[in-house]
């Protein structure tokens, strides 16, 4: 940490001075007339800032990685190299300022580099996730037969070992609960989005949209308690019991409904923005033909906004799969393969959390199974996403 | 030919009034875009709106089927009667109105759908086709009338947005006539068309006039003279003159009309 | 007047070649939209592209400043040289190219910004103004040249999208000339303009020609005849004929040109 | 020949009915969402508002030298040997004295009397004394906390009936409390300390606050905002505007949607492995928490940003390119502002999620009992490197505590969290409205 | 790093945080940071190695397992001091307004076993109400909220209640008679809990159990003694084999269901991280962990052999180093 302070300060100082120096210098070489410059002073300044800051920062990152891997110590040499890089970038970019130099192109190259770097972070995250789980998953499968894990319909971990750790009931619970949550959240969210963007007055919209977004910010424990204390008993007393579907207050339905509420803003807010971005000319074209508003929305606006809406729905689905607290409190912790929506079930995610935070020996299959569950879920959602991408590709419509 | 048009024109003046606008005022926020316009649009007639760019032609046209409703800042005052009924009456359903009064917009705006779906859209929502064959027929006829059929018949499933400017314009014309409106408002329908296509569209307009009323905005004085029986000249939001087309072009009453027409080029 | 134009034309033929297109082929996916086109566009000349709708005029025009790069499915083959340099060379920065070769699109597409910002955008990013006063001056001049100044001078801060069709078109012209390109490509720049505005734009084109090269797509044969020195006639993706304008209109070599021109109306 | 406009024909009636239904569905959807919101908020507010008030006892405390300063020379080293346990009887005596003064008779045992005063009180008094040794030997007035049960009595949580069953208090104690309240010695007043104090142990619900948690959340959100928004927007721009459309970008796209579906606890596993074990950042620190939440929020921001970028009509890009703007300029000058509402929505939702998340923090050590305020920067631990908790963690912890006094505090923390969220979102919502336009 | 870092069991957390709080108030060291996250997760963190970036103390609601000691050693954590702080009583409680119960382990076995022996054959358990288990009980539907399989309490419940009940009621013998005398298998059969909804696993904590009982008044839940003592106005406790669970009855060994609580100190951090040893000594001091200390007041069953524990800490006796 301390060894970084000096280089960072140097970089910061150089970029700030570089910004102003480059601007002045650019104006100077142009004799005060920016029209003579191929690139604007602003762009020269930007180029200088980027050229001064990026190489040494990249060096710091690379070197830190190297230091961790090789367990080497930080050294003065390193500090020197970093500062030298900063100074070189600073000097070169300043010297390079001529009337005909293309600072914009250079600056854009730096920016492009940053953009590409940013988009690799997602990839690196995935790699990190896979690697942080792969090793323990491997350990798990050394202790536990993979066939039992993937094909057993029984989930009952046991402190004495000899546990049944079949993933099927958990997967079933995950799918069932997510399905119910989405059947609830998607229509409501979509209709809310449509109403907000197409029917509501701008005043109502400016109140209702942020209000609905609060739903996404309420901690899930509140939803969980709501499910446990209010929705669960209500569903049991008014639906499950009269219909003879069981006596359980925790149920897939309870968790699904409550989770659905939480997911509404994911669908509604994002879709609303996308719908709002559909050009008015599209709507006009439809109205001009004598279409009603709803016909216009259903047949012109929604198809045009479809890729974005699908994105929003996928996001909601993802959130449903990853949710724990609502499931724990709303659906119970029982792993079960059943079609009855009024029975308690549980999900993969819940079991990842509970096995990871439980009391079982951390080197035992009962704990390690969490990693295998995580990795399996990862692969399954990957498959679902590939499928979704395929569908979106098939139905996308481009306006203009 | 000349005297046929002459005959038509005489006929047209005897025709019933289809649309009657009285004291129409339109504001975009504070911008007074249409100032106290009175116009009677006869049935089975082509009426042309001419005037310099920005004078309010499109705005007025959009009033006639209440398309201005979709612009937040736009406010319309006055009375517009269609077959004697006030279209701004709260009881009037703009949807029904627009089904009767179709529109081709100044900027071509095809839906991001296939060419076929673009044209079939109107007939579908209005239930004009009993079955798929019917619909195919309507689509083909409309595209034929809009002089587009030959160019697109092999790619009806291609997106309507991936067409040339003129093709899009004709697609929008086809789309509008597919719903068989009683009044067709066309905002510069031939601006992106070559002379041959223009001629075909003009033919179409003439054909439509047999049964319906057509209002066309155009910058081409020749076109106005060719296709219309009545002409309205707008200037800075005012309706300067409205009369039989030949009268406007041969013997304008207002000096502004005179100078606009004489200032014409080519 | 007539002989001045005559003189100009003779001059123009002696002019250097500004853009040289050799064996250009354009495909939209499988649709072969431009077929082996060779064209030389001279400097300080107005070249007109004419042809029926959908024949590939816009497509070819967009090739000249690589605007087709933005259409995923579009593929360009052949060579296009600007001042002798291949613009499709990987080393060429399309941005610099487009700064030199400006464009007015067929469909007016103002930015959803104020009128002022629409016009000032180009000069700003290219550093054409030393200061705010300079910029104001450029904006005013451009709007004046595009015959829009009088209409908008009081509302320069109103959004460019809230204008009439013709006003938007002129705004796009003003935006394009504000960057002072060496070549200006105009895709039907007068389609939504009234005769007077059209005349002003044509005047502008003539003025631009003194120092630059202008390529204009138009459907109006009269306009082509009025403003251009060279005319290219496209048909179904082929360049059928390319010659001095007066030659094309008086003595076309190809029967297709002949029939297109004679089929003209008005 | 044509039907009147004033009467609707059968088909139009049907279509209008469909229209009305459609609109009603929309309104219904809003109402359902609002209804759920109102229910949730009322329950949170109903439970939590009381946490902003607290009951205090005004005690005249005699600080005897023989107990507090055996040395008699105010030697701090000696004085600090007297622990809070030693201070407890002094407070009890003070309360007994007050009772006697007020003429309130009681048969309660010493322990029960002690139980009326918060265990925090001893620390309060001890800190004051150690801060100002001269107080020893004097009688000083202290506003000390009443214990959780007594406080609950004034807030309606504890009743005479429940007290009768309760091991930790008794109806007699409540009667005394009532008498003291009537005498103005016990007062329930607004409690700023709730927002300032750190967490307290299970025995002192009345002293528990969210000071540390607010700081921790604030630090983490700073990290998330400074990293997730730029990185998310940058990678969306690259993927949507620049990246060649090929198999590789498809992989990235699928990969990002897939990251959104990764359970949040898995990000905790990742954070533990990468940031703590590999990069050796401090455990329990807001920096690591912020980094983990950044990775977790990224997919949300990227997905919504990409959708927003996609919805900007191509003609805008063409227009910019046509006047010679570079692709980069067209994106930053025109496309991005038009996509801003969608980006901001993604940010709002992503931050909401990040702000309320507990599970990943579990594995990097932030679900903890922390009483020391974390500094934003220290030379040893760097930026945001000191151990801290966060608001959702505080909520999670408190909902697990045995003492019912923590229920209101958990709700109070939730209210604070929502206010925090609203403040954060207000900016975004304001910006979003400014950028919103139809074209 | 100048603060002590503790992680582990959520059962030990309340006690550890009480101690940490008082420690911070009375010593010049900063208040230790006490994380929760489960015994297993805590031990795992503990065993990740030695150094500033690892925790100093792991709380656990069970003893460390040999395999974990091995894993620790593999990462260089060889000097571990095991400290038992006392016992956690496990009680059965139901809604204060409902029926009271006096259980024996056999009652629980008969109510919750997945399979019971009827007429010499193992059949699925079908009892629906408590009076079917024991005629002395009311005809209240059976609804048990027991700890989920992640909790250490579950193990204690299975072994000290269900298995004990199985043996007590003679079912064990009967099962062994059926399966040919395989004792391990018989134990397994005994401890299998029915999954038809009569017994609900709680993966959350005691507040969840309490909330479930409040939502379903027939429910009987398993709680920690400390939790019950803080909620005597909502819960009534059931006796087990006629013993009322209190800290005293458990310390005396009369009440059968309890488990020891521990913490583990990384001896290599003593003297490196300031306050580690002081905190540990303070934790087990008589003032804190004794029968009259705040921990006992809160519900910890104080260790009868506290003095020995104090000596272990004072002498830094590591595991496996004789004694």
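For clarity, chains are labelled A, B, C, D and E in written order, and residue numbers in each chain start from 1.
Operating definition for what follows: a contact is a pair of C-beta atoms (placed from the backbone, for glycine too) under 8 Å apart; a residue touches a chain by one contact, two chains touch by 3 or more.
Only a predicted model underlies this, so the values are computations on that prediction, with no experimental measurement involved.
Asks: Quick one: which chains contact chain D and chain E both?
Replies: Under the touch definition, chain D and chain E have A as mutual neighbours.
Asks: Quick check: more C-beta contact pairs at A-E or at B-D?
Replies: A-E
Asks: Closest chain to the protein CA centroid?
Replies: So the chain nearest the centre of the shown protein is A.
Asks: Counting in whole Å, what is the centre-to-centre distance of chain C and chain D, each centre being its mean C-alpha position?
Replies: Chain centres of chain C and chain D, defined by C-alpha means, are spaced 60 Å apart.
Asks: If you average the CA atoms of chain A and of chain B, how far apart do the two points sit, in angstrom?
Replies: Here the centre of chain B sits 49 Å away from the centre of chain A.
Asks: Starting from the mean Cα coordinates of chain A and chain C, work out the distance between those two points in Å.
Replies: 45
Asks: Find the geometric centre of each of chain A and chain D from their Cα atoms only, then give the gap between the two centres in Å, rounded to an integer.
Replies: 22
Asks: For chain C, write out the residues touching at least two other chains, lowest number first.
Replies: Within chain C, the residues that touch at least two other chains are 93, 95, 107, 125.
Asks: For chain D, write out the residues touching at least two other chains, lowest number first.
Replies: Residues 15-16, 19, 280, 314-315, 326, 338, 362-363, 380-381, 399, 439 of chain D each touch two or more of the other chains.
Asks: Mind pulling the chain A residues that touch 2 or more other chains?
Replies: Expected reply: 104, 225, 279-280, 292, 295, 356-357, 398-400.
Asks: Every pair of chains that touch: which are they?
Replies: Between chains, contact exists in these pairs: A-B, A-C, A-D, A-E, B-C, B-D, C-D, D-E.
Asks: Quick one: in the complex, what on chain A touches chain D?
Replies: Contact set of chain A toward chain D: 1-2, 64, 68, 104, 108, 111-112, 114-116, 118-123, 125-126, 128-129, 131-133, 187-192, 194-196, 198-200, 206, 208-223, 225-226, 230, 261, 264-266, 268-270, 272-274, 276-280, 292-295, 297-298, 305, 307-308, 311-312, 314-315, 317-319, 321-322, 324-325, 348-349, 352-353, 356-357, 371, 374, 377-378, 381-382, 384-386, 388-389, 398-400.
Asks: Could you please specify the touching residues of chain D with respect to chain A in the complex?
Replies: 15-16, 18-19, 22-23, 25-30, 32-34, 36-37, 39-41, 43-44, 230-232, 234-235, 237-239, 242-243, 250, 252-267, 269-270, 272-274, 278-280, 295, 298-300, 302-304, 306-308, 310-315, 326, 328, 338-339, 341-342, 345-346, 348-349, 352-353, 355-356, 358-359, 362-363, 379-382, 385, 392, 395-396, 399, 410, 414, 417-418, 421-422, 425, 429, 433, 436, 438-439
Asks: Quick one: which bits of chain C touch chain D in the complex? Just the residue numbers, please.
Replies: 65, 67, 70, 72, 93-96, 98-100, 102-105, 107, 109-112, 121-122, 125-126, 161, 172, 175-176, 178-179, 181
Asks: Using the touch definition up top, name the residues of chain A that touch chain C in the complex.
Replies: Going through chain A, the ones touching chain C are 32-35, 37, 39-40, 102, 104-105.
Asks: Over in the complex, which chain C residues touch chain B? Could you list them?
Replies: Listed in rising order, the residues are 28, 50-54, 56, 58-59, 73, 106-108, 151, 155, 162-167, 169-170, 187-188, 191-199, 219-223, 226, 260, 263-266.
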